[in-house]
Amino acid sequence: MIKLLLALHSFDRIPRAGFLLRGVTEPESLAAHSHALALLVCLVAPKCSPPVNVLDAARMALIHDLPEAMTMDIPMPVGGAAFRKAKTEEEIAIFGGIFNGQDGEWKDLFLKFQEGSCPEAALVRGLDKVQMMIKVLGYEREGRGRLEEFWQHKENFRDYGIPVVKELFDDIFRTAGRKRPPE
Amino acid sequence: MIKLLLALHSFDRIPRAGFLLRGVTEPESLAAHSHALALLVCLVAPKCSPPVNVLDAARMALIHDLPEAMTMDIPMPVGGAAFRKAKTEEEIAIFGGIFNGQDGEWKDLFLKFQEGSCPEAALVRGLDKVQMMIKVLGYEREGRGRLEEFWQHKENFRDYGIPVVKELFDDIFRTAGRKRPPE
Amino acid sequence: MIKLLLALHSFDRIPRAGFLLRGVTEPESLAAHSHALALLVCLVAPKCSPPVNVLDAARMALIHDLPEAMTMDIPMPVGGAAFRKAKTEEEIAIFGGIFNGQDGEWKDLFLKFQEGSCPEAALVRGLDKVQMMIKVLGYEREGRGRLEEFWQHKENFRDYGIPVVKELFDDIFRTAGRKRPPE
Amino acid sequence: MIKLLLALHSFDRIPRAGFLLRGVTEPESLAAHSHALALLVCLVAPKCSPPVNVLDAARMALIHDLPEAMTMDIPMPVGGAAFRKAKTEEEIAIFGGIFNGQDGEWKDLFLKFQEGSCPEAALVRGLDKVQMMIKVLGYEREGRGRLEEFWQHKENFRDYGIPVVKELFDDIFRTAGRKRPPE
Amino acid sequence: MIKLLLALHSFDRIPRAGFLLRGVTEPESLAAHSHALALLVCLVAPKCSPPVNVLDAARMALIHDLPEAMTMDIPMPVGGAAFRKAKTEEEIAIFGGIFNGQDGEWKDLFLKFQEGSCPEAALVRGLDKVQMMIKVLGYEREGRGRLEEFWQHKENFRDYGIPVVKELFDDIFRTAGRKRPPE
Amino acid sequence: MIKLLLALHSFDRIPRAGFLLRGVTEPESLAAHSHALALLVCLVAPKCSPPVNVLDAARMALIHDLPEAMTMDIPMPVGGAAFRKAKTEEEIAIFGGIFNGQDGEWKDLFLKFQEGSCPEAALVRGLDKVQMMIKVLGYEREGRGRLEEFWQHKENFRDYGIPVVKELFDDIFRTAGRKRPPE
């Protein structure tokens, strides 16, 4: 356990690349992003219908970026399919190394998140973008960075067919005073 | 929901006071601390006997410092009993404000953590110190800060009578190559 | 003396909470704030009528935030009356600890500032806000942070009935191109 | 030209991952690394025998990390062969995008560096590690980070059969007061 | 060589003063500036007519600010002629100290740059400002700092009679959507 | 007044060059240094015999580095006599510009400090080094930077023949567990 947490010691100093590269100074770290996402998951998951396993979703949120404690954050939408695939495989291997000796359940959760197939993974993936766009809202209010691009990139508003996620994106556009671009 | 997360927008830039004040540069933020603690809780809680509610413990970890998004982190062991009591009351009020409109369960969880009575709260409080001491280990290896004091302060090793927490403290001393001070 | 200054060693790394929480990156430290305030006091105090003790006012400015070297900066307007009162008592105790062994005059100056009764304390308290609002002006010109709130909060423009302070607030509004809100 | 430099605008804020992850605060940026490497190349290249093209080598140094302005720095020795290969292909594509419209010679230089076949590329690759280890020396003198690992990793001292590079590694070990591990 | 690079170890942490003083947080370092300038020189120099020595120009770019590793960056337009002259003499002495034991050619290049007489020096001096103004463009897009002053200061657009430099300044004004002030 | 403080707006972000260049991350700013010095002056000045004007000494401390808000901090012992002289003249001119419109007394105080002749100036100059060495003590305890050089440079312990300053240097050596080098 000690070893596992020490392996993640620098996770709180790795900047979210997408924000750093767009001029946000003192940007959110991967650890802080994972915290906000896990909290959001715990708030939203109980409202899903059909119900999802809240603890599984929360745990996915807590671990979804951990391998980047070794690779650093690689920003979207960089990279072709081949690069993305190799990166995913690399991350699965790294995750396996970090969680070596822990319950196998953790590796299953990480794999499920990577595949994005189960309802919990879909929810966490949708909320991953919700958290990001709320952060964009926060930075824009503070005059930090050049973030227009985030609003143009459709992938940032993918709701995975989950109504509560869709509503959150609607709220975000409303709060920002922006019109949601047509599908 | 958007409003709640925007209220916590700066949580990722508030430094852990205890580390900052002892010369750790680029110290862990409150958000990063909460992430590491929640992860640790999810790893350790299933090993508790009698069993604890893992999701409740994880949620406590995610929210336990949130009011400090308004008050900033106030380092231990500063403050007499009166100040600590007033601070706790203030934090409960702030938490209520932030989670206004959310399920009442959240306020219950926060109160239970403050009281420290239920098994989940005791676990999270014990692991709060475990996470802190692992962080100290990590900083010491990197030559960051003057952290000797952390090892002298008994409150930093309180295990709340939970065997798995006690073992973690033993491991920490072993990893540090230090002898645990006699009770 | 050495011990006293070492106790304040981290004072230059404690960020002003009000600025940090509103998205100002690399915000003023408590030490820098205290420097600017002391300088402002030395410039303004000689213009007061009836005259004030300039050295006493300058010394108050230099020490008014020192206990926060232990508690970190707790931002206004957080906290109810009970919390504020407990905080003040705590700060007086901390100050006593830091200045233990120094001339008792220093503790008197700190107490007088906390009470805010004598003319010097009133002047320093008024200029504390003047300095803060000039800093807001500076940050706004540089596009740093979301500081509108500062202009709405009446307490930020309290002049304690001192004409020279009132004039400075008038100047600040003029420089900002803003209208002063009616009393 | 303007577009090209604007595309690299954030290059000066991307931290060298290997240093960040080992606890070096305020680590060298990719831009600063590239500057030091280019300077080193200009100092060393004229001493090579058989002679190398100094300008080509200098230009390779200036551009060798530019695609990481998009991907961020991915630290060694992370990643299996497949990941590294995909990353290289990605970087070549990104470089092509950035230098689109510039003389084709630049893409040739970048490819040659990636292949590492020509004498200039071998020199720059060797000096890339020389510069890194001098940086390690500098950080260790300042007590910044946990860098022991750098001295254990043989790849960090690969001289590509170039005598002047080998001598520099010898000098580095001498300056550090360390013994070079046997091949 | 090792000694020379260690002497420049802090060059990557010295902020460009002109940006820092105008509220740009996390500003470009001297090392990053020198990297971008050297790259720009390598891109532009081959287009000069009559031709210039590209390698000499690149080397000038790499070293032009090195003495400021000792003196820190002193911002323009501070300082009268006497101060500037004394500063230049000081920098030449410092440069001589750093490059002591290296080929005398380096000192010649540094002197030539200081004098600004040869075509390579004129090109590097012109591009020094081009790089700076592109940086201003980048910061302005990100809402960082108060940079209007840069556009008003004619010295920032001096092209030394070199057509390709003049065109770059024209491009910069075009990209910024600004009108170039009449000579 | 507003204009004067706005001119000094960046004073709190200018790092003390001597610390930055020796690897101290997040070093003291000029503003923080000036605060600590002014406080130290107020604590020590009343103990001087023959008595000094405490307010004058405090004001000198508050302003002694202000022109560096324009020039940035230039570290000692860089620079020959000619450079130092030109720098002093430049700073006097800058100070005059900043304090234009203020009571002439301020310019007198600044000149007196530069000349170092009057007892107040001697005291402030001595304590300037005392504050610096206490800072060195603090950084060394925290493992920040490579500061040995500070202890070797005799100018750092010049007491200007003032007993109370001499005693402070003695205390500093005692606290550091170092022997004072023979005169």
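Letters A, B, C, D, E and F name the chains as they come in the text, with residue numbers starting at 1 for each one.
To be clear about the criterion, contacts are C-beta pairs under 8 Å (C-beta built on N, C-alpha and C of every residue); 3 or more make two chains touch, one makes a residue touch a chain.
Everything quoted here is computed from the prediction, not taken from an experiment.
*Asks:* Can you name the chains that touch subunit A as well as subunit D?
*Replies:* Chains that touch both subunit A and subunit D, as defined above, are B, E.
*Asks:* Farthest chain from subunit A, going by mean C-alpha coordinates, please.
*Replies:* Most distant chain from subunit A: F.
*Asks:* In terms of residue-numbered contact pairs, which of A-C, D-E or A-D coincides with D-F for over half of them?
*Replies:* A-C
*Asks:* Using mean Cα positions as chain centres, tell me which chain lies farthest from subunit C.
*Replies:* Here the answer is chain D, farthest from subunit C.
*Asks:* Could you work out how far the Cα centre of subunit C sits from that of subunit F, in whole Å?
*Replies:* Distance between chain centres: 23 Å.
*Asks:* Once you find the CA centre of subunit B and the CA centre of subunit E, what distance in Å lies between them?
*Replies:* Computed value for the inter-centroid distance: 48 Å.
*Asks:* What whole-number Å value describes the gap between the mean CA coordinates of subunit A and subunit E?
*Replies:* Subunit A and subunit E have C-alpha centres separated by 40 Å.
*Asks:* Please set out, as single numbers or ranges, the residues of subunit C touching at least two other chains.
*Replies:* Within subunit C, residues 9, 13, 22-23, 25-26, 138, 143-144 contact more than one other chain.
*Asks:* For each chain, which other chains does it touch, given as pairs?
*Replies:* By the stated definition, chains touch in these pairs: A-B, A-C, A-D, A-E, B-C, B-D, B-F, C-E, C-F, D-E, D-F, E-F.
*Asks:* Could you pull out which subunit D residues touch subunit B in their complex?
*Replies:* The touching residues are 22-23, 25-26, 143-146.
*Asks:* Please name which positions on subunit E make contact with subunit A in the complex.
*Replies:* Touch residues, subunit E against subunit A: 25-26, 138-139, 141-144.
*Asks:* Using the touch definition up top, name the residues of subunit B that touch subunit A in the complex.
*Replies:* Touching subunit A: residues 1-2, 4-6, 8-9, 11-13, 26, 28-29, 31-36, 38-40, 42-44, 46, 54-55, 58-59, 62-63, 102-103, 131, 134-135, 137-138, 168, 171-172, 175 of subunit B.
*Asks:* Which of the residues in subunit C come into contact with subunit B in the complex?
*Replies:* That would be residues 9-10, 13-15, 17, 20-23, 69-75, 78-80, 82-83, 85-87, 89-90, 93-94 of subunit C.
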